[in-house]
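Pasting a structure here, questions to come.
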Amino acid sequence: MDQKPSNCGLPSLEADSQRTLYPYVTGTSVVALKYKDGILMAADMGGSYGSTLRYKSVERIKPIGKHSLLGASGELSDFQEILRYLDELILYDNMWDDGNSLGPKEVHSYLTRVMYNRRNKFNPLWNSLVLGGVKNGQRYLGTVSMIGVNFEDNHVATGFGNHLARPILREEWHENLSFEDGVRLLEKCMRVLLYRDRSAVNKFQVAKITEEGVTISQPYSLKTSWGFSAFKNPTLGAEGSW
Amino acid sequence: MTKQQANWSPYDNNGGSCVAIAGADYCVIAADTRMSTGYNVLTREYSKITKLADKCLMASSGFQADVKALQKLLAARHLIYQHQHNKQMSCPAMAQLLSNTLYYKRFFPYYSFNLLGGLDNEGKGCVYTYDAVGSYERAGYSSQGTASTLLMPYLDKMLKSPSPLLLPAQDAVTPLSESEAIDIIKNAFAAATERDIYTGDKVEIVILNAHGIRREYMELRKD
Amino acid sequence: MFRNQYDTDVTTWSPAGRLFQVEYAMEAVKQGSAAIGLRSKTHVVLACVNKASSELSSHQKKIFKVDDHIGVAIAGLTADGRVLSRYMRNECINYSFTYESPLPVGRLVVQLADKAQVCTQRSWKRPYGVGLLVAGLDELGAHLYYNCPSGNYFEYQAFAIGSRSQAAKTYLERRFENFMDSSRDDLIKDALISVRETLQGEKLKSSICTVAVVGVGEPFHILDQETVQQLIDAFEIVGEDEPPAPEQGEAAAPDQGEDAPAPAPAPAPSPAPAADEGAAPMDI
């Protein structure tokens, strides 16, 4: 009598947990797209502790080996753990010193297995990852979620980006975007996210990967205008509001 | 800090629907290419159909990560089979393997709803339909996925197959021609897309017959 | 009759710095029927001689597909060869499960060599008695490797192992400079001629050889017997007209060369004199 309800032999999720059951410090959306010569990716630099803006200079886009670029939203400590896995992976790959190297497709597939295996152990890495890269003239862009859902597309976004950025990308993306147009399109997406995603901050990095290699921009901010009258007094003219 | 998320779940439903029809000397298997989560469309171009063997195709909907794991496992098992037996696995053999693979995870199931279509050893069309934990039966036609409840009665009405309740058992294979079967599938998806938000974008139709494999696509509503 | 004091244990050194058991294992490779490999920029061809151990039996399989992009031909103990090709198949399946791309050939060869090396350093193990010609294709092009029981491996343009392989090697050494730009069919032709060289007067027929190809746009596959016979006929390389010169030393031995685990006497005669001939044949 007085037994706890059994949960069918599944590992107990609450008691003295050593798992990520919910995130602590999180990053918000990552947006990425294919353009003429490779992949462009953008993310802001905020790290939120719940609704507190706890960190303001977090790099959420990192190069992986020579051909790949990884962007992450979600738990930042888990992201750093993933970076340690990948550092080891790339190190071992380089140690063969045989001219072979893991391309973006291989890294994405590896990450997919890591994320899915961790969810199978009920011990997820609390991230949505975006992986882009170029190898042998092939552009690659894919994403993985914390339970292992993965796909490739011409443009991808995580979190709020799925709601706010992808409709814009579906409207405006095309196969032969130039670098300038690509950055402009990303900035348009990031601006919308900045206006409507409360955890987004106005400090970004945009990263580019081509056959030549990775370039990650210095942090910069977008020009915003909050002068729109509805922003100043959003309830003006709304009946029955204060 | 207070917990902000709902309890974590290892599952998601990424939606999608599949249909398969077996004919006397062909098999048609189809699925839409939308992948979604909740009200989000993740991508409009995700193929749910994989070739497991020369004469065996699988269409799967449900939780994409589980589906992918299942597909990879079956692909690896099929490679081992080929090394050991020097031939391709037959569709009925693959059907049994799929059932066993699903049941192996009976208490932490693959959240995947599968249809297996192909040609049997006599060259006759065959369709196998499954639940998530591996119980399966051979049928003349079937549907799976988020719009299966919309698709199934339509197929029942259109395919002129003898009832599986008849005694003695009749051949479940449809008497219709290949092109008629394809038309029925196109209509079925066009209709299902009207009412099921998880089905849409495009339908991929794979036709398997003595000549080999052929693919067709038809655009569906994107909303 | 003297006895070698240093050859009863794999892990025991001779004062001359040699491991006799390992060398005996490499002798086993020479006992097996010949296997040949050669490559161009885009293709690798493997060929081998099939010998039945008796009139009443069929021959053993000596060429194995490992994956779509890799295959092996073996000489020596076929049973060991099967174990190693199963290991290689598993490695390929595991790699493509994780990375969704084919395992680079060079890496598989190193893993295989490391596996063989372990057996030369454990008292409770024995070295594998098989030599493998590994043919493969990866993003860097076509490759041909030879793995031997000692754990050494080498990359080759063309190579032959097994009984009377010296005759094939002599032929290949005369011709290898042109192989890089050879067409697929020319490679097969050279492979068949090399096989014929090892036959010592016997007639070249499709029933006594196997040929396999891997190349750009062509997954590894073993050619079926009719195709091989057609190629032999087309190239008019039946043989017998030119009985190859008997090889130094080896030809003298009544060659029971077959891959069934032959009763042990084989290594005894040759290595003992070799022991005082100086240079260790370890690196071949």
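Should a chain be cited, it is by its letter among A, B and C, assigned in written order, with residues numbered from 1 in that chain.
Just so we're on the same page, a contact is a pair of C-beta atoms (placed from the backbone, for glycine too) under 8 Å apart; a residue touches a chain by one contact, two chains touch by 3 or more.
Predicted, not measured: the structure shown is a model, and the values here were computed from it.
Student: With chain centres defined as mean CA positions, report which chain is farthest from subunit C.
Tutor: Farthest chain from subunit C, going by C-alpha centroids: A.
Student: Could you name the chain whose CA centroid falls nearest to the centroid of all protein CA atoms?
Tutor: Chain nearest the overall C-alpha centroid, as shown: B.
Student: Hey, how far is the Cα centre of subunit A from the one of subunit B, in Å?
Tutor: Distance between chain centres, rounded to whole Å: 32 Å.
Student: Between subunit B and subunit C, tell me the centre distance in angstrom, where each centre is the average of that chain's C-alpha atoms.
Tutor: Once rounded, the distance between the two centres reads 46 Å.
Student: Where the CA atoms of subunit A average out and where those of subunit C average out, how many Å apart are those spots?
Tutor: Taking the mean C-alpha position of each chain, the two centres sit 50 Å apart.
Student: Got the subunit C residues that touch at least 2 other chains?
Tutor: Answer for subunit C, listing residues that touch two or more other chains: 97.
Student: Considering only the defined contacts, which subunit C positions touch subunit A in the complex?
Tutor: Touch list, subunit C to subunit A: 97-101, 104, 106-107, 110, 138-140.
Student: In the complex formed with subunit B, which residues of subunit A make contact?
Tutor: 8-10, 13, 21-24, 49-50, 112, 116, 119-120, 122, 124, 145, 147-153, 162-163
Student: Would you tell me which residues of subunit B are touching subunit C in their complex?
Tutor: 72, 76, 79-80, 83
Student: Under the definition above, what is the set of subunit A residues touching subunit C in their complex?
Tutor: Those in contact with subunit C are residues 96, 98-100, 102-103, 105-106, 109-110, 113, 136.
Student: Help me check something: in the complex, which residues belonging to subunit C touch subunit B?
Tutor: Residue positions touching the partner: 65, 67, 89, 93, 97.
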